[in-house]
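Take this structure first; my questions come after.
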Amino acid sequence: MAEAAQTTPAADERIKQISPLRKALIRPELGGMVGTVAVFTFFLLFAFDSGMFNSQGVMNWSIVSAQFMIIAVGACLLMIAGEFDLSVGSMIGFAGMMIAIFGVTLGWPIWIAIIVTFVLCTGIGALNGFIVIRTGLPSFIVTLAFLFILRGFTIYLPQIIERKTIIGGIKDVAEGDWLAPVFGGKILQGFFQWMGEAGLITTFTRGTRAGQPVVDGIPMLIVWAIVLIIFGHVLLTKTKFGNWIFAAGGDAEAARNSGVPVNRVKVLMFMMTAFCATVFAVCQVMEFGSAGADRGLLKEFEAIIAVVIGGALLTGGYGSVLGAALGALIFGVVQQGLFFAGVESSLFRVFLGVILLGAVILNTYIRRVITGER
Amino acid sequence: MAEAAQTTPAADERIKQISPLRKALIRPELGGMVGTVAVFTFFLLFAFDSGMFNSQGVMNWSIVSAQFMIIAVGACLLMIAGEFDLSVGSMIGFAGMMIAIFGVTLGWPIWIAIIVTFVLCTGIGALNGFIVIRTGLPSFIVTLAFLFILRGFTIYLPQIIERKTIIGGIKDVAEGDWLAPVFGGKILQGFFQWMGEAGLITTFTRGTRAGQPVVDGIPMLIVWAIVLIIFGHVLLTKTKFGNWIFAAGGDAEAARNSGVPVNRVKVLMFMMTAFCATVFAVCQVMEFGSAGADRGLLKEFEAIIAVVIGGALLTGGYGSVLGAALGALIFGVVQQGLFFAGVESSLFRVFLGVILLGAVILNTYIRRVITGER
Amino acid sequence: MTEPIIQMQNIEKHFGSVIALAGVSVDIFPGECHCLLGDNGAGKSTFIKTMSGVHKPTHGDILFEGRPMHFADPRDAISAGIATVHQHLAMIPLMSVSRNFFMGNEPVKKIGPLTLFDHDYANRVTMEEMRKMGINLRGPDQAVGTLSGGERQTVAIARAVHFGAKVLILDEPTSALGVRQTANVLATIDKVRKQGIAVVFITHNVRHAMAVGDRFTVLNRGQTLGTAMKGEISPEELQDLMAGGQELAQLEGSLGGTV
Amino acid sequence: MTEPIIQMQNIEKHFGSVIALAGVSVDIFPGECHCLLGDNGAGKSTFIKTMSGVHKPTHGDILFEGRPMHFADPRDAISAGIATVHQHLAMIPLMSVSRNFFMGNEPVKKIGPLTLFDHDYANRVTMEEMRKMGINLRGPDQAVGTLSGGERQTVAIARAVHFGAKVLILDEPTSALGVRQTANVLATIDKVRKQGIAVVFITHNVRHAMAVGDRFTVLNRGQTLGTAMKGEISPEELQDLMAGGQELAQLEGSLGGTV
Amino acid sequence: EGEKYILVSHAPDSDSWWNSIKNGIALAGEQMGVEVEYRNPPTGDLADMARIIEQAAASGPNGIITTLADPDILEGPIKAAVDSGVDVIIMNTGTADKAREVGALMYVGQPEYDAGYAAGLRAKGDGVGSFLCVNHYIVQPSSQERCQGFADGLGIELGTQMIDAGQDPAEIKNRVLAYLSSNPETDAVLTLGPTSADPTLLALEENGLAGDIYFGTFDLGGEIVKGIKSGVIEWGIDQQPFLQAYMPVVIMTNYHRYGVLPGNNMNSGPGFVTAEGLEKVEEFAGEYR
C-alpha cells in the first residue's frame, strides 16, 4: 500500500502473495458452486434410489428450480443495482389475475391479454422505481406498500367482477393462440418420444399414457429460465449497461457523478423484476389454466433467498446472475429432495433457514477476499 | 456554517430563521400525531354510528392496537439500534406453542412453562443478535433464516408430539395459577361493574351474564402495552442506555470508538424484541387457551410498518417509541375501522399500502428538517 | 491571451433555505491551473458541482468555449470534456479497477448484433494507464476496495486525464494524502496543465496552491473576493484572504509562521 | 524530565495477511504534543487505535503511567483517561449535539430508584463548552448533521478535552479544514498541551506539525524511523523523512519549495 | 326488513373456496332483504379472527354467522356476542355439541373429522391400504382433522403421508410428483380442496397415474368436477358451502321476523359426489357448489 505512488513499485513485503489457484477459485459464484456440489452430494448419498435422479425426478426438481430462477434473475439484477423488491409475490398473483380477467372475463384474445399484462406489470414496476428514485425512500418500504396494494387488488378485482377469487378456463380460451404456447408449451417432444422408443428413458407402464415416455418434453418454463439467465448474465458482465448496474448499486452518488444514468438504471431494473414476475405468472397460468388470488405468496422472500445464497450483497453493488441461478437450483433441489428423501415436510423450513445462514456466511468470506472490504 | 470557528459567532445570514412554533412541532412523533388525528377524524365522520365508538367498539380497536403496540415497542427499539427482526411473527407462534407443549403436553405448572418460554425465547433473540454481531451479516438475512427455522419447528413439534397443529386446553391447566392472570386476566373489573350499574356503559341484556357491563375490565394485554411503551420511552429518551441505542444505530463504528458497548446494546435489543413477541404470545395463549402453528403469521411486517409509520428510520439511529405506539394505534384503528365502516375487507391492504407510503413520505420530510440530513 | 474555455457568470445556488453560492463569476483558461480556495462551507464544492453538471445553478450562466451550456446531468458535462474528481471519491470500492476506470465511458465492441463491453481493451488500457501513473496493479480485476486512498485518488485522476478532458476539476485531491502521494498529484497536475488542459484545483493548503497554481480565486461565504494571477499575490496575502484576515496574526505569533 | 504517561513497546499488529505495524515503540509525555507523521498506509491510524483500545496489539506491550495495560475495548481506554478523535469522525449525524457530546459518558441523576440521563446538565454543559470553543448552537438539541465539518471536529475535540483526558489523540483533525478552522484546532492543541495533557497529533502537513509539535515520530510501512525533539530537526528534514527522501528534490525543483 | 348480519370466516383473503359462501350470503341477502357482510382475518391467523368477532358484536348486528375453527380461541368472543344479545349460528367447521356449548342457535356444516372418517371407510371398502394426503394449508387445524379422520377410517397411522404442500400450484404439483415417485406403492391420493386438487390432477396426468390411482378430494371446484366426470377422481366430498352460508341467513331472518327456528342442526355434508348426476354440479361449480 505504501508503494502507491512510486514509479517502479516493488512487490509489497507487507502482503502475502495469493496463489493463482486460489485466485481462479475466488469468484462471486464460488459459494453457489460449493453449495450446489454439497447439496447434490448429500442427495446422491441419501436419496439416490428414491427416484430423485431418474428422468422424471430430474424433471421434477428442474421445474421447481426453474421457477425460482426466473424470479431470481430479476431480483438479482435489481439487488445488484442497490434496491430490492418485496412486491414480487404480489406481482405474480396480480399478473395472473389480470390475464384471467382480460382473457376470460373480458374475452380478449389471449395474446392481447398477455401483452397488455406485460405492459401493465412492467409499468407498475416502473412506478415502484419512480417512487424510489424521486422520494429517496428505501425500496423496502415502497415495495412493501406495493406488496399490500397489489395483493389487495388481486383479491378485490375478481371478487367484484366475477364473484370468485379464482378464475379458471384459461386453457380453453388459450386453445390455438399463437402466443400462449410460448409460455405454456413444451419443446423437444419429438426427441423425447424418440428417446422413449429407443429405451433411453423409461416409459409409462400403466395408466392412460402407457407406452409414452415419462418425460415428454422440456416445458417452456425451463426455456424461459435459461433464456433469462443467459440474458441477465450477458447483460451484467458483458455490456456497458451491466457496468452501470454495478455502479448504481455500489455507490449511486459516485456513479451519478461519473456520468452513469443511475435513475434510468434503477427504474429499468425494477421493470426487469416486474417482467420476470410476469413471465413466472404467465407460465403458471398457462400451465394450470387458472389464476388465483393466493398465487405467489411469499415468493419475494424465496427470490431474495436464492439471490443471497448465490452470493449477491443485500446492499447492492455485488453479485452474479449465475450465482443467483445456482442459489435457485440449491433452493429447488433441497425443497424437492427432502420430499424424495421422505423427510417430514414441515422441516423443510428449518433446513432452508440453516442453509441460508451457512451460505451467507461462506459468501461473505469470499466477498471480503475479493473486494478487500473490511 | 462559515462561522464555525469564530469566537463571537453572529447569526448566519445564509440561513433563514426557523420560527419557534415550527421548532416545537417538528419532532419525530409529529408524523404519527398527524396520522392519528387524520384517522380518527376520518372514522368519526364515516363510521360514527357503526358502534365503533361505543364502549365495546372502543375496547375492540384498543385491544387490536395494543397487540400491535406490544410488538412495535420491541421492533422500534431494535430498529433504532440499527437492526431489524423478521422473525417476530414466527417467534410469536413458537412461543405460544412452547407454552402449550410445556404446560399441556408435558404437564408442567403453567408458571414454570411461562418462565421457561420467556427464557428460551429471549435466548433465541440473543442468538439472533449474537450471530449478527459476530458475522457482521445484515440482520435481514439472519432473522429471515430464523423466520423459517422457528416456523418450521412450530409446525413440526406439535405434529410429532401431539399429531396436530393446534394444542388447546391451556385454560384448564392455567386455572388457579398465580402467573397466568398477569397475562390473561383483566383489571379494574370492580370499576367497570360500577360503571355498568351506574348506567355509564351498556350492560348485557340477556344470557348468563345479563346485567353485567359489556366491557368488564381492562385486559392485561392493554396494561402490558402501556407498561412496555412507558418502559421503552423512558429507556430511550431518559436513560444512558437510550443514548447508546441511538448511537449504536446511528453509526456503530463511531459509537464503539466513543466507548459505547455497541454489541451489548444490539444483543439486548434483539432480546427485547423477542421478549415483546413472547409477551404477545403469552397474552394470546392465556386469553384464548390454545396455541396454533398459524399464530403470528406476517406479524413482523405489521410491527415494522407500525414503527415506520411512527417515524423511525429503517436504517437506524432515529425514531421514537411514542411514535411507534401511535403507528400501532393508526394501524389498529384503520384495520378495525374499515370493518366497522363496512368496507370490502380485501381493500384493507390497499389502504394500508397507501397509508404506509404517505406516512413515510411525511416522516422523511420531518426528519430531514430535524437532522439536516441531505 | 487565449480565450477562456469556461466562463461562469454570476452563479447562484440555493439549497432550500441555504444560500450556498451568492453570485460567483470565474473564468477558466486552457493550459492553466486555476486554484479555488476558501473556508469550510464557502461553497467551493458546490461551485465546481454546478460546473460539472451535478447541480443546476439557481441563477447565472455557464459559457463553454464561448457558447452557453445547460448541463442536464454529469453525462453532458463529461461528454463536453469536463472531467471531475470529486472530494468524496468517485470510485466504487466493490468494483474492479478497470470497471471503475471506464465507468460511464465503457468501451464497446460489436459482435454480430450485440454491442458488448470490450473487457480486453478496458483491461489493457487500465493496466497501462496505471503503470504510467506508477501503480502496479495485481490485475485489472482487482477491486478498488483493496487500494489505498492515495492509489484510489490516482486512479480517479488517471481516468479523468485518459478521457481527454479539456477541463480537469480536482476537489481537494490532496487533503488525505501523504507527502509523497501529494507530490505525485501535484506533479500530475503540472503535467496535465502543460498538455493544454485547464485544471481547476481546490485546496485548503496555500503551499499546494502556490506550487502549481496560475490563478487564484478565493471564495468566502458563497461570494468571490476576486481572482489573482500568479506573482500578483504572496502566500501570506492569500492565506489572509482565505481566513478573512482575522485573528490569525495573533495565532501565527504564538505558533510561528503560516499554517 | 517527567515520566512518560504511555509507553508503547514494540507494538505489532497484523490484519489477516496484512502486517500493519511491524514493531513500533513510542513514548508519550504529559504536557507535550507528540506528532505522528508518515505516508498513507504507514500505520498511523492503526497505531493510535491500539493505543485507544480499538485494536488489541498482536505483539508488544502498552504501559500506562508505568503499569502494563490491557484495554479490552475503547471504554477501558476512555475511563483510563485516553480520549481519541478518530480520523473518520466519531460523531453521529442523526443525534443531537448534546447527546453526541456525552455519548459513552452520559451524566446521570437519580430519581428514586431510577438512574436517568441528566439532560439538563448535559445541555447546559454542551452549550457552555461549545460557546467556549466559539460555536454558538441554535440549541443543544440541534442535530450534528446540521453542523459543518469544521464544527463537528470542534465538538469532538471539545468533548475529549471536557472529559479531563490525560491523553488526547487526534487523527488528522485538520486535513479537511479551512485555514481558519485549522488555526483554531492548532490553538486548541496548544491550549490543551499547556494544561499538562499529553497530545498525540497525526498529520500529513509538516507546517502544522512544526507549529505545535514537541516531538516528531515518523512511521514508514509499519515501522518507526525514530523520534526527534523540536529543534533537533528542520521542516525540510522532516519532510524528507516522511516521503522516504526519494525524488522529492526533483519535484520540489519544478514546483518550488516544500509541499 | 333490513336486518344486518355478519359472516366471519377463518380463511385468509386469498382462499378461493370461500367464494360460494360469499355468493350464498349475497343471494340470501337479496332474497330476504337483509344486509350481510363477509369478514375474515387477512392472514388466516385465528387469534385475529377472535378480534373480528368481537368487532362484529360491537357493531351491533342482528346476528353473527361464524365458523368454529378453534373452539378454544373463539368460545370467549362468541359467548360474549351471545350475551350481548347477538344471535349466533355456527357454520362450516365445528360440531353440533360445541355449537350448543358456546350458545349458538344451531350448527350448519360438516364436521371435518367425521367427514374424513366416512371418506376413509369408503376408501377402505374400495380396497385402499395406503394414501397420500396433500395438505395445502398445514397450519389450519381442520385440514389436519380431515387427514386424520381419513387415516383413522382406513385404520392406519397418520405419518409422513400428510405432506405440507404449500399454496403455490407448481410446488404442490411437483411435491405430489416427488412423493409419488419415491413412494410408488401409494394406493390413494386425498386432496383437501381445489387449491391442492387442481395441481394434483395435473401431476397425475403427467406421471400417468391419472385414473389409475384412487383419488378422492374434499370440496368441489371446476377442475374437480371435470376430474370426477372423466373418472380420474373417484369422489368429491361436497359439504355444500352454499347451504352453509345461505341457510343461516334465511333461518336467522325468519327467526328474527317470525320467531321460527328449526329444531335440529343441519349437516350440509358430507355428500359424496360421483360421476353420476353431475350436470348441476358442473354448471355451478366454484360459484354455488
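We just call them A, B, C, D and E in the order they show up, numbering each chain from 1.
The rule is short, and it goes like this: contacts are C-beta pairs under 8 Å (C-beta built on N, C-alpha and C of every residue); 3 or more make two chains touch, one makes a residue touch a chain.
For each chain, UniProt lists the protein as follows: A, B = Xylose transport system permease protein XylH; C, D = Monosaccharide ABC transporter ATP-binding protein, CUT2 family.
Computed from a predicted model, the values in this text were never measured in an experiment.
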{"item": "Subunit C and subunit B - chains in contact with each", "value": "A, D"}
{"item": "Length of the shortest touching-chain route, subunit A through to subunit B", "value": "1"}
{"item": "Identity of the chain that, by mean CA position, is farthest from subunit D", "value": "E"}
{"item": "For subunit A paired with subunit E, centre-to-centre distance based on mean C-alpha positions, whole Å", "value": "34"}
{"item": "Computed distance of Cα centres, subunit E from subunit D, in Å", "value": "72"}
{"item": "Rounded Å distance between subunit A and subunit D, as computed from the means of their C-alpha atoms", "value": "50"}
{"item": "Mean-CA-position distance for subunit D and subunit B (Å)", "value": "43"}
{"item": "Touching two or more other chains - residues of subunit D", "value": "39-42, 148, 150, 180-181, 183, 246-247"}
{"item": "Where subunit E touches two or more other chains, by residue", "value": "13, 138, 164"}
{"item": "Junction residues of subunit A - those touching two or more other chains", "value": "1-2, 4, 6-7, 151, 155, 159, 344, 346, 348"}
{"item": "Of all residues in subunit D, those that touch subunit B in their complex", "value": "52, 54, 73-75, 77-79, 84, 86, 88-95, 99, 102-106, 108, 114-117, 119, 133-136, 138, 143, 145-148, 150-151, 154, 180-181, 183-184"}
{"item": "Partner subunit D, residues of subunit B touching it in the complex", "value": "1-9, 18, 234, 237-240, 242-244, 246-247, 250-251, 253-261, 313, 317-318, 370-373"}
{"item": "Subunit B partner contacts - residues on subunit A that touch it in the complex", "value": "131, 135-138, 140-142, 144-149, 151-153, 155-156, 159-160, 301, 304-305, 308, 314-315, 344, 346-354, 356-357, 360-361, 364"}
{"item": "Touching residues (chain side subunit D, partner subunit C) in the complex", "value": "38-42, 148-150, 172, 175-183, 186-187, 190, 204-208, 210-212, 239, 242-244, 246-248, 251-252, 254-259"}
{"item": "Interfacial residue positions of subunit B with respect to subunit E in the complex", "value": "50-52, 54, 56-57, 59-61, 63-64, 155, 163-166, 168-171, 204-210, 212, 214, 284, 287-290, 292-299, 336, 339-340, 342, 345-346, 348-349"}
